[in-house]
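Shared chain: chain A. Partners: chain B in the first complex, chain C in the second.
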Partner chain A sequence: MRIIKGILYALALPTLLVLLWWASTLGTKSFFVPTPGTLVATFAETWLGDRMRTDVMPSILRLFVGVSAAIIIGIVAGLLIGSVKWLRALTEPVLEFFRAVPPPVLVPVLMLLMGISDAMKVVVIISGCIWPVLLNTIEGVRAIDGVLSDSAHTYGISGWARVRYLVLPSAGPQILAGVRQCLSIGLILMVISEMFASSSGLGFTIVQFQRSFAVPEMWSGIVILGLIGVAMSFIFQFTERRILRWYHGLREVENAA
Partner chain B sequence: MQPDINLETDLSVSGGTETSGAGRIQSDGKAMLSVRNLKKVYQTDGGHVEAVRNLTFDLRAGELACLVGPSGSGKTTLLKCISGLMAPTEGEVLLDGAKVTGPPKKMAVVFQEYGRSLFPWMRVRENVELPLKNQGMAKGERDQLVDEALEAVGLSHVPQSYPWQLSGGMQQRVAIARAVAYQPEVLLMDEPFAAVDAQTRADLEDLIRTVWKKLGVTVLFVTHDIDESVYLGERVIILSSSPTIVQEDLVIDLPAERDQLNTRALPRFTELRHHVYEQIQLAKTGHRPAAAAR
Partner chain C sequence: MTRSAMILDKAAGGPGGVPATAPAGAAGNRSRPGRKWPAKQMLAVAGILGFLLTWELIPRLGLVEARFLPPASDVLAALAVDLQLTAFWAAVAETLVAWFFGLAAAVALAVAAGFVVGSSQFLRRFTHSTVEFLRPIPSVALIPLAVLLFGVKIQSSLMLIIYASFWQIFIQVLYGVADVDNVAMQTARSYGLGTAARVRHVVFPTALPYLMTGVRLAASVALILAITAELIIGSPGLGREIALAQSGGAISGMYALILATGLIGVLINLVMRFIERKTLAWHSSIRSEVVV
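Right after this comes the complex of A and B.
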């Protein structure tokens, strides 16, 4: 019953928006705004055929590899920098500098250095996605409670056990807040990395449609990007709720008190 | 308030006390825990802060000693030095003859802040089990110790709860169970019941006496509560105000079987309580034991 209610809530507004869109396109024949029916037909015909294999899947794969690498590198580096005082002092100014550089400006440079390859696109995604994860992990590691840390210390919990049982779970809420940002930046960079010089991918295809005035096709590409974003968000929320069940429970208890 | 009674108690307890600025020392070499000339000075931006000047005392194996002192007398600093979490500026701490340089394996600490000393991402059972698991103890042995410890603190019914789902008193019981399961030779407690309500506190005090008797562990119990120190301890070490030395080392000659109603109603309990109270008041006004006035 609760699940059905949840699904109804989730679908109510999208349905309403589609209805509004449908009503406003009734009787008009704008070249730039297709009707819902046209869009659905175009969507199926454009994406469910060969393009799924040649454009959509490669894009998603690059996104997946880039985001995963950014999360792993960000967490590992963040644990190191957050735990070692001199390393933090050494790296902080540099990190602030690199974080401030907008990743899209790196695309032409990386193209020259790495060629137009999948690796280049993955590197562009990593270069933008890593920062929220890295910086949040550093902050999370630094914010470990002193008493909790002392407790672990007195029971001889050190080294890898400390990371596993104390540092990672304790920094978990902040790390996952970083991962959430990382996902949305990743999607943006996936498209941008494919817009400059590419021969496949969602970004490339959408730009092609724009340039050839294939308006409904272009819209259908935008829809697919939105759907990928929604899917990522759902996967994230599902995972986050499992990992941070303790945290949400603790917060509820604290708020009730 | 009652000067005549104070005078009387002063006389009646003078026999078993040590007032030289140091606590009792085990001369036969049977000390489980030795604190020798311990001094701790913090370096802060505003200059040096001398938290502990010179502390010396011994704990016999299996002893339950309480440490009381006015607030700001460096009780927590002392405990951190004893537990190896902090290095003393001078002096040393010996556990069973070996110098303490980091948290020793034979020692467990129960902190005041129960809400911050248990891992909130682990269930009660996992919290108690973790130190044992970390030692690489076999599952069977581990399970038995955890079961026994939870049983001992009366929490066998909530192993699958998270700590934050429990009341404050129950959380502190979990922390005690974790310490008990660890099988320490010395158990340090840093004002463990300061943040729980009075009724829970009485229960927990009795729990400590029970656990102590059952396990034969050496307990050093830090508190600011005078009644608690007299009720719990076999011995009360009174600290002076900062910079800290031992104001007095007092033997508590109450019967070994104690209970909240009868023990606290004993005339001797009142006498001892008065005496400790008086010493703390003296300490607050800056009075120091004669031999330590240097």
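Right after this comes the complex of A and C.
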């Protein structure tokens, strides 16, 4: 019974909205807004064929490579900078500045330095995504509980064991908060790098549709970007629940108290 | 502890936030007595100087060609020239106007929607799936739509900015409104406070820290989107100037403009932190501030 109720709650509003959309486009032939039927048909026709291989997959691959590299570099550099006090003080203002630069302006710069290539797009993604991970890792490492740190010291835990059993777990929640921001920035940069400088990929294709006034195709492009965003957010939530299971449990106990 | 941990957690902008066992203050005095580092400010200045020096040396030593990466001194000179130009300030003003109005509209919409949806269990469950679906849609996906609807006018920027910042704030307000302490609410009820008074004196103060976090996150997102819209769509502002400088081959000028956007970003962060600190001076989370 509870499951049925949950499903009803989840489906009620989307169904209503689609019905509303369907009813309002019924009979009218609006240039800007396609009917739900047209959109679904266009979506299947546009994306499920050849384009999947030539445009969608390369884009997703670049996104994946860029984001993974940014996460790995961010965490490693963050662990280093976070645990060395003078290094942190030295780099802090510069890092703060780089984080404040809106990542899309890196596209013209990297285009200039590297030319238009796959590598350039991956570097754009890395150089935009790395800051939230890096700064959150630094902050997480900095905020390790003093008592825990001292206890580890007393028991002679050092080196890799210290990182594995003390630093990573206690900085974990904050690192993952950074990763979440990094994912959404990565998706934005993937699209922008293709809109700005490319002849293939999702971003390019969508802009192309818009320029040629292929409105239903353009909408279907928006839908596919949305679906990628939603899929990424689901994968992230799933992974985060697994990695931070201990932490959510702790929070529940605390909140209940 | 739980309350402040919750706040900090949201301040981290994500699902987890800082571990509940790690009050930020503890980290401050970890240095062992007897080891004195030079003052933090000196290191910070050294860091900036070191960065500029590296930047200066890379093109001078020929590691990267100077026509792709001009030395820092050239770029700073170009920035100094820019600062005296009316055209530069006009572009800055256009970017900031789009940023401000976009952010203000997003705050107004998100606060209204957040308070209504957040205060009803039914509405929260009813809208949950839709919100979770709409939120991760990257706002750049709307660029073609914005161009089609508004062309290269400021409305295009506003549409993107509002969409992106709305969700940041809305989600925070939802959390905040849901976080109202039951005892406080029941106390207010038994003292006979009406709905308006309860919202004003119980719900609002609880949600305010969340709201401020949301606004701070949204402020930087709004700047990103403002610049993006100008860069890609070509609505007037700093982003368009950057694109123009790049295609016109004014490379030092382009780097100078990028430097300027970064400085604006830093400035916005500082102002937002300041406002947050002022409005939440009464709140315990300010004392154990975690920099996000």
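The definition used in the following text is that the second predicted complex is superposed on the first by the 244 of 257 C-alpha atoms of A that agree within 3 Å, B and C clash if a C-alpha of one lies under 4 Å from a C-alpha of the other, contacts with A are read in each partner's own complex, and residues count from 1 in each chain.
Assume a residue touches a chain if its C-beta (ideal position, glycine included) is under 8 Å from a C-beta of that chain, and two chains touch if they have at least 3 such contacts.
Computed from a predicted model, the values in this text were never measured in an experiment.
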Touched chain A residues, chain B compared with chain C: C
Which of chain B and chain C A:Asp145 touches, first, second, both or neither: both
First, second, both or neither for A:Ile116, with chain B first and chain C second: neither
Which of chain B and chain C A:Gly172 touches, first, second, both or neither: both
Partner chain in contact with A:Leu250 - chain B first, chain C second, else both or neither: both
First, second, both or neither for A:Ile73, with chain B first and chain C second: neither
Touching partner for A:Val65 - first (chain B), second (chain C), both, neither: neither
Partner chain in contact with A:Phe209 - chain B first, chain C second, else both or neither: second
Chain B versus chain C as contact partner of A:Ala41, first or second or both or neither: neither
Chain B and chain C footprints on chain A, overlapping residues: 145, 147-148, 170, 172, 247, 250, 254
Residues on chain A engaged by chain C in the complex (per definition of touch): 9-14, 17, 32, 85-86, 89-94, 96-105, 107-109, 111-113, 132, 135-136, 139-140, 142-149, 170, 172-174, 176-181, 184, 187-188, 191-192, 195-196, 203, 206-207, 209-210, 213, 215, 218-219, 221-222, 225-226, 229-230, 232-233, 237, 240, 244, 247-248, 250-251, 254-255, 257
Chain C residues within the chain A interface of the complex: 1-2, 5, 9, 12-24, 26-27, 30-31, 37, 40, 43-44, 46-48, 50-51, 64, 68-69, 125-130, 132-145, 147-149, 220, 223-224, 227-228, 231-232, 239, 242-243, 246, 251, 254-255, 257-258, 261-266, 268-269, 290-292
In the complex, chain B residues that touch chain A: 80, 83-85, 103, 105, 107-109, 111, 113, 116-122, 130-131, 134-135, 162, 164-165, 178, 182
Complex interface listing, chain A residues touching chain B: 145, 147-148, 150-151, 153-157, 161, 165-166, 169-170, 172, 246-247, 249-250, 253-254
